[in-house]
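Here subunit A shows up in two complexes: once beside subunit B, once beside subunit C.
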Partner chain A sequence: MRGTRAAARTEVFSPHSLEAAVQLLAEVKEPVRILAGGTDLMVEVETGRSELPGLVLDISRIRDLRFVDEGDEGAIHIGPLVTFADVRRSALLREKAPALWQAAGLVGGEQIRNAATLGGNIMNASPAADGIPPLLAAETHVVLTSSEGSRRIPLFSFFKGYRTTVAKPEELLTEIVLQPLAEGAHAYFRKVAPRRAQAISKVVFAGRIHVARDGAAAVLKTARLGIGAVAPHALRLFETERLLGAQVLTPRLIEDAVRTLRSEIAPIDDVRSTADYRRAVAGNMLRAFLMAGLTRSESGKAGF
Partner chain B sequence: MRIAMTVNGGAVELDVPPFKRLLDVLREDLDLTGTKEGCGEGECGACTVLLDGEPLCACLVPVARCDGGEVVTVEGIMGSRGPDAMHPLQASMARLGASQCGICIPGMVVMGAHFVDAARREGRVPTEEEVRSAIAGNICRCTGYVKIVDAVLDAVQGGEV
Partner chain C sequence: MSDYSLEGQSPGGRRQDLKLIGKAYRRVDGPAKVTGQTVFADDYTAPRMVFMKLKRSHLPHARIVGIDVEKALAMSGVVGVLTGRDMPDTFGILPVSQDEHALCPDVVRFVGDPVVAVAALTEDEAEEAMRAIVVDYEPLPTIGSVQEALNTPEPRLHEYGDEGNVHKRITMEFGDVEAALKDADLILEDDFFYEGNTHLPMEQHATVAVPEPDGKVTLYSSTQTPHYLHKALTKVLGLKASHIRVIAAPNGGGFGGKSDPFNHEICAAKMALKLGRPVKITLTREEVFYCHRGRHPVQMHMKTGFTKDGRLVAQHLQTALDGGAYGSYGVASTYYTGALQTVTYKLPKYRFDSIRCFTNKPPCGPKRGHGTPQPRFGWEVQLDKAAHALGLDPAQLRLKNLVEPGEVTANWLKVGSIGLRKCIEAVVEGSGWNERYGKLPFGRGLGLACSSYLTGAGLPIYWNHMPHSGAQLKLDRSGGVALFCGETEIGQGSDTVIAACVAEVLGIGLDDIRLCVADTDLTPVDLGSYSSRVTIMAGNASIQAAERAKELIAEAVAQRLDVPKGRLVFADHRVFDAGDPETGMSWQEAVQCAESLHGTLGTTGSYTPPRSPGRYRGAGVGPSPAYSYSACVVEVEVDPDTGLMRVEHVWMAHDVGQCINAASVMGQIEGSIYMGLAEAVMEESAFKRLPKNRSAALVHKIPSMLDYKSPTFLDMPKMSSYVIEDPDPNGPFGAKEVGQGPLLPMPPAVANAVFDAVGVRVDQVPIHPHMILDALAAKAKGRPPRFGPGAFPAFDFGTPLKVPTPDEGGDGKATNPEEAGIRKDQGTMPETSNTGGPRR
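And then the complex of A and B:
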């Protein structure tokens, strides 16, 4: 019997408030699965990769968890139930988080973007999630809430391993907080997959760099890099960032950075690609991003 | 679980397991077999329906999600311009021969009609690229995309191209 029918006895609790949701998670003794957009969970259950427990907490009716706001401190606050279609409709995200906005347009097709949520993309913790590298490059924190209160965790330390996170069973993801793209900085997003829509990434990469002119030299003030599908979970590329930080951007530095990136990741062979291909492509993406930065800066454009 | 929803304009009340897929509820409980199952994993778009005006894959929607909602299937697109009247997209598809084996067509019709209606509301003619991107979530394994795209553009422009 297919999974969604085998789940005939599963009960669904669909509260309208966050309080009721975290209360349920605090009180219930049995395992609970959380349902947001359903695009991952339904496939998992239908294909028999996982069984539904007796209770599912459907958070999709909690309206307060679907918002995109600019905070007083300049950070951007996104509710976990914001769908990829919502991301595409947000002028704020288009301007201040362009890599995320671009990634959202390449997730699934319109039917998937209408259902799939950014919070679900994070909590599902797939190493190939397209939404995560842009968030890593935007220095994102996530807020986890239980009946005891909230805690804030940098996204780079949120993933523990393949499809696992530090979130506790009684916690819900309630907010995604990212930094806006700085004035003069430049964002990049690239996904390599067999086709443009409805495809799982072989490699997915996002970055932000800030290049400033110092006389004839292009100085890379900051670099923030996130990558997916090349390790058990999405990674912030700290070693590569460290190598690049506050350096004069030259072709030689770029090649050093490409080498560092290739040793910082841990890709595998699987049905979608090979480790060698992923390592090669990941490096090429970084090179393309940095070379564009160098060219733009040499062409005399202020910042970029 | 008791579910109350509107399907193609009519009120429906059912007692079904909450995790039963909307796709199965439509086909088995409501006898609306126009909606097809292709992949069952949200990859192919054959089961596309509108829920509260938005295209979704019915194979990825647990029916609990539809309680209080409004569902439109390909059968509802058929009647949307009067009893037994085809939607302009359906007329264009028929005239231009846009259907081959037919499995993807119900999904293409729902997705395409949604797109055509939006373009007509906004009073603008989309580019071919925009049409292709709008139906990117609908796979046709006959690879009959050219005529489908032509039909969508034809319908947006009133079927007189």
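And then the complex of A and C:
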């Protein structure tokens, strides 16, 4: 008993160049849905959650949008059509963006990961997207391109609300730029879901911390934290980061940070979990991450 | 990932006299299944076939005010519609619950209840037409739980049932429980809850109905019970039974979900007769969730007394079942939540009270374990609590209380062979229980649980004196043997079981046998693939038919060879003299010999279970020719930060009496581990109410496989299976069931392992991470370290039916049949369902 159905006739436009794609977006007046891997769009249409409009822009043939590069400035540039399977195959991402690399192995199942793109994960803007928290913790910017030119936006200000972004209808996501994990920093990723594959997260958390030793003390130089499924969209945890910044890492500081995190998020009860559970577990994950940072720095070992 | 071992119970180990039985061999339906050649119901097609869709209610309870099919009938490709008026007669699987209509005539009772059937030339056109049908409803108040049903006796969902919206109520007592509990050293009282869940077969239900030129109709359907579907069709269609032919296609998984006659099957037959064209319907996955008939959500209150050395004194069990909108197997399910409490451990006195309520949700029914996994969960968790309270090892506590072979229990069930001691010993040794239980680091734990299950219900659904299963053999000069049997292959391997029984007796190969099964016109009746009955009943019937054929052949061969009949051996495709193996002939020559002597060769066999000693009202549910036994140890890892639990390893031992096919037995054990794990940690049929402005409807939270979570390959633990063979005198070659039993100990073993891992009790399943975190938080605050349901619903069951136990010198009859169910403040019993179905 599907709710709605596909339009009587849907035209699919499959350009091979970015120019042709943005040209189409600039010219058409009617609504267009953009198709990359199709793992969200086709499910939405099939279950009747949304209607396929008369026009679909299939960008999957634009080869120039599928790349993983290390830029001169050290940043990592990822094309939006990079699939999660591509992420898993990238030695660069495995070393320089380990949380993203880990997340990519836990999205959906094998078949989903072969089709689903990182760009699609961002543009679909699900609060529970597994790819987004690691990108937030990696201080990611996204590049949006239209026929008028490009603009660069920090990922933390890209999401407006539940499944909405600041991208305009005529804009296409063309690049994802993230910072590599700094020498000596630790990364963390944890997906809490009811099973080991094909599961939507109850909470998804990623972080990077850089701990330096100052005599006996462990000083937290920087903390970058991203979290999903606990608010209308994925969040960068700025308040918690500020509390932790340039502080001596102590069990007491960790408890303060856990409290701050729990007040910074806005989880709800839904089919997958409860607000109370999400709040409790989000704090517990931060604690586990920071405690591990504390222990590791005490033992003098770097990396997780 | 997994390993297994086969062990014989007898001192000499496994039986050596059997040639095929007991070994691991390929299934007769295996090659077709792995090459995609099996014809499932949805694969059937016929010339001029049309497609049917059902317009289902989007409201959980409403009166139908009007149905407008005009627009639909005018649409392209549409060939016909049916409404409730076309099929006024009711049906239902049980004679006492004939409460369903093929299409609802007046009232819909759950989201998904069908109202109109429409057929068109293509499936898409049928769906478009279904959407164009307009049904006007007047919404009625809805009932969402047992408590709401008790609070709302009026309006009633059905005009029959024991009282108000209580469909069935039961109260029975075997010996004086309260008096016995006075002597107990320890009394535990616990409340447990087992959430409902569904079967999730890979194959969605499908039916093709083909009208015959002479006014008859043939139905190909994915059903586990062609015989009962045949009965329901006969009733609703108003045709002679001999004019309806039901062929059960091999099921792509059943698990109990295809055991009821369904609306779509009856509508397809009616539509085919109306149009004179074949009609196909294949349900969507969403519709399969609406058909349901899955596990009942059951709340339980269990009060049990123990002596200080751990012996059971008495138990009082109360269960409350959320039945959903229709009767289905519910009356039987209700009895099953209490009937098998006595066949594992010796329970000297026992009282059982139960209610099943109607609610505006898809009807519940039988799922693998039918009504028994719920009380089994409570029972085995409570035994774990008792072991801790008494300072006893949980395995030892169980070993102390085992039922003896041949014993008649307090509620008059006769037990046959029982290999449970050996099962417990196997998993204790395999898991290193004695060295590791209670000694693992925080977060890691072991849990143990046992169970037993029936090998076929002792009574048929319709009371009669005819066999429960029949088999017919046709042999001829080709040497081929055709085996006709009504049994239905639902993936469990029953085709192979009956073929193997015949091959073993006649000394021939599986490839010499042609099977013709599950066809109500061509095969002798078998009641269906439910209650783990096929191996024992169709197996015994097939053996009898084969023995009779063997006798005919032996007589002819003995004459020809001039060898005493008793000396002839049937083995390796030969019939020969045991004293001189060179004297003999090939199997084909032997059959030709017999055909020459007797004429055309054919034999029959049948099976009827032995009579049970119980003679009280309700004694019909629980008896079985044999009971299987299982023991299980589960190892879990619990993350106290997230409450996430990972089942790492399962050791499962199962007393199957005797393997027919060892490979299938292993498969059933592993499949049961999977399904039991699913129920323990994730699967649930959960419902929510829509907001008031959207009708406040009770809807499935998750009528899809996206969010109805079942374990994947990655979630499966390592499995170590132990097959224990303690042959039962009633079983074919001693065989007992294995399809359902090994599911039962999984949920309680997981809950017990969580307790060993982190010291908290979760008294309900599925065990979700938040429950473990809540219990850990309670423990940290000094409150009872438990997550579980609150008190059992307040309900006056009245005076129990009193049945003295065998130990008290009873005769199996009740002493107070007139008083049973009467309440002190009433003096009369409100209303009974004794008189049969709904008054319409």
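In this section, the second predicted complex is superposed on the first by the 293 of 304 C-alpha atoms of A that agree within 3 Å, B and C clash if a C-alpha of one lies under 4 Å from a C-alpha of the other, contacts with A are read in each partner's own complex, and residues count from 1 in each chain.
By definition in this document, contacts are C-beta pairs under 8 Å (C-beta built on N, C-alpha and C of every residue); 3 or more make two chains touch, one makes a residue touch a chain.
Keep in mind that what you see is a predicted model, and the values were worked out from it rather than measured.
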Partner chain(s) touched by A:12 [first = subunit B, second = subunit C, both, neither]: first
First, second, both or neither for A:47, with subunit B first and subunit C second: both
Touching partner for A:284 - first (subunit B), second (subunit C), both, neither: second
Partner chain(s) touched by A:87 [first = subunit B, second = subunit C, both, neither]: neither
First, second, both or neither for A:272, with subunit B first and subunit C second: second
Touched partner set for A:194, first subunit B, second subunit C, both or neither: second
Which superposed partner A:135 touches (first subunit B, second subunit C, both, neither): neither
Which of subunit B and subunit C A:56 touches, first, second, both or neither: first
On subunit A, positions contacted by subunit B and by subunit C: 43, 47, 109, 196-198
In the complex, subunit C residues that touch subunit A: 56, 58, 284, 286-287, 641-644, 681-682, 686, 688, 701-702, 704, 706-707, 709, 711-715, 768-770, 773, 777
Subunit A partner contacts - residues on subunit B that touch it in the complex: 1, 17-21, 24, 40-43, 45, 48, 54-57, 59-62, 64-65, 67, 111, 133-139
Subunit C partner contacts - residues on subunit A that touch it in the complex: 1, 43, 47, 109, 190, 192, 194-200, 202, 271-274, 276-277, 280-281, 284-285, 287-288
Subunit A to subunit B touching residues, read off their complex: 4-5, 7-12, 14, 35, 38-39, 42-43, 45-47, 52, 56, 58, 60, 85, 108-112, 114-115, 196-198
